[in-house]
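Before any comments, here is the structure.
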């Protein structure tokens, strides 16, 4: 069970309810997931986090599904059970198929492996890759 | 400096050269980056890793640029200097703009933050997200 | 279930019981938590770890509550379910309120986010921050 | 070198300069550190991150120094060179002594150790610690 | 529950069954564990991963038990519940005693602690340790 | 440069010198590496950490080389540059060959990969692996 009380809609202040309403409207669902109910322990934290997530995850130079898959990749690497499940669900809803999930995981697994090899052998960054190839 | 000798093309065995040749041909470049030169300490490790990277990173259900960006996301989360630089360079080469890189980082930063919040409050996975929304 | 047998007080050797007694006396509780019962698989490991925890967590230049909150911050970043729960409980017992927990999590979330951004963009340490501002 | 161009004050847009000015005014310094110059690659990312950092790090239920030390603890656990140096410098500026830094590190080291032990033995959370002792 | 359907032997394609058969034959068991059943969502991922695991874990310059214990050490550091349990079981089967497990965990705990201290104080690598003592 | 002053032998207190002497005698070397010089910022931290390292790394149910390789595996997974270099050097000194290092890295890379896959697909621990096969 969460280490803070989850604030349900019925017991929420008008300020918190307004955020809950925006979450549901933005996501086109009729319920609020536990993550936000926990953050409501401090309305300022809830407000700030929701505003940021809403803006960051909106389609821009990257589309919404790509962003969800990147979210899953990070969550897997951090072993965050809640986020793996919620963002895998989010990605599926945006069109991720089982085949796409398998390729996503293949890349996540492969990069975790080669990260270990590169760090493990303490390999120097090649001249051409310095600055992430910015001047290449 | 790397903890193993980096095997240069000139000193490589024919077996290793063949892999180097395939790396250069596949990537349409005329040089081999340090990562592979370090793995050549054990030709079987080099062969196996290159074969897997080649297959995993090829376009499939996900395109090659999306795969590179996922690679960057994982490498950032693991603080792998070599991989962040090499795969940022790889993604740029495949078309990633500064704007896309900024959005990628915004998502990576945001997911690292919410991973911490979800773990920190020990939030239970919502019924609807179980199994990554597989039955949703 | 734990990967080793948890040694209960009744079945413990006199050597282990003495440590259990010290744990309970130091913490002013009448029970021993699972962490120590697992470490008792090797009495030397139990002894060494308890001695170190006792000394490190005692008030010094930092007070005991601050130390507990730092413990929580690390445990969250490492996704350690046992430690998040036990040290959140420990911090509450030492006076941490829900508001303090929310601020702690806000800082932990924020630092995980900016860690990713700093690593992700491979930002150079400013001259003034070198050596952690030791000579500043 | 950073994977994006660091935006210097002289070349910044009025929008970015305004944020730089606020950073310097808030921190009572006459220069902007590299972290913000990198985020300026996308002004919205800079704005959002600075606003959040400013609010999260302001004294509240926790004082500013405690928050800086928590930031250091997370940055150490994530191996973020930039953040370890910048926030150790920040904490020193707010009054952290060498003795306090040593105790901070002792707690960070100890918690990384016991996190590994708790995860390694897969120890079950004690009844009394569930929900972080919320109902205790 | 897993985010993908676990493919049971009875419903598997001949291609997947052949891999399952090889897993059981190699490990001298009459059942297939969940890890492989999840990877079967994409037969190419299953094939590639099994081939690599089979080759990497076979005795060579390092014996099979040492390899299993290294696997456990990494899994603990990554907080991977599945892998900690499966590879602790694998190591026991290959002869790891409770005493060996306790020493393994003591080293894993100690190295997580000193990793934090070395990163936390940003300690420079000694001349003699550069390149992992390769030229020493 | 380190965030604390490195205490050289010549300027050390008799208490710290005694520990330095023990480190050199135990390791049969005539110099003290930077790690210990940084910990000397707080003699109690130096004493406690050295005592623990000395005892944990001594041969027991596991031999000294196996322990060094486990240390390297954890350090790689944590991206600790200092520890990767110092313990790779330590392992070489105890007899690790390039071939053994390559196999060590192959296992470390493989386990980081499969950790990601197991977490990523949220695979349930098989009945037979529960408790790390303790009752198996």
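All chains are identified by letter, namely A, B, C, D, E and F, in their written order; residue positions are counted from 1 within each chain.
Heads up, the rule we're going with is that contacts are C-beta pairs under 8 Å (C-beta built on N, C-alpha and C of every residue); 3 or more make two chains touch, one makes a residue touch a chain.
Source: prediction; values computed, not measured.
Taking each chain's centre as the mean of its CA atoms, C is the chain most distant from chain B. Comparing the CA-atom centres of all chains against that of chain D, the greatest distance is found for E.
Interface of chain A with chain D: the two copies contact each other largely through the same residue positions, with over half of all numbers used appearing on both sides. Mean C-alpha position of chain B lies 33 Å from that of chain C. Per-chain CA centroids place chain B at a distance of 27 Å from chain D. Annotation: 19 Å between the Cα-based centres of chain A and chain B. Counting partner chains per residue, chain C has residues 1-5, 41, 49, 52, 74, 77-81, 84-85, 88, 99, 101-106, 108-110, 112-117, 119-122, 130-132, 134 touching two or more of them. Under the stated contact rule, the graph of chain-to-chain touches is complete, every pair of chains being in contact. Of all residues in chain E, only 1-5, 44, 48, 52, 55, 130-132, 134 touch chain B in the complex they form. Residue ranges of chain A in contact with chain E, taken from their complex: 79, 84-85, 88, 98-99, 101-103, 105-106, 109, 116, 122. Contacts from chain E toward chain F in the complex involve residues 1-4, 6, 31, 33-35, 38-39, 41, 49, 52-53, 56-57, 60-62, 66-67, 69-71, 73-75, 77-78, 80-90, 92-93, 97, 99-104, 106-108, 110-115, 117-126, 128-134, 136. The touching residues of chain A, when paired with chain C in their complex, are 3-5, 41-42, 45, 49, 74, 78-80, 131-132. By the touch criterion given at the top, residues 72, 76-77, 79, 81, 84-85, 104-105, 108-110, 112-117, 119-122 of chain C touch chain B in their complex.
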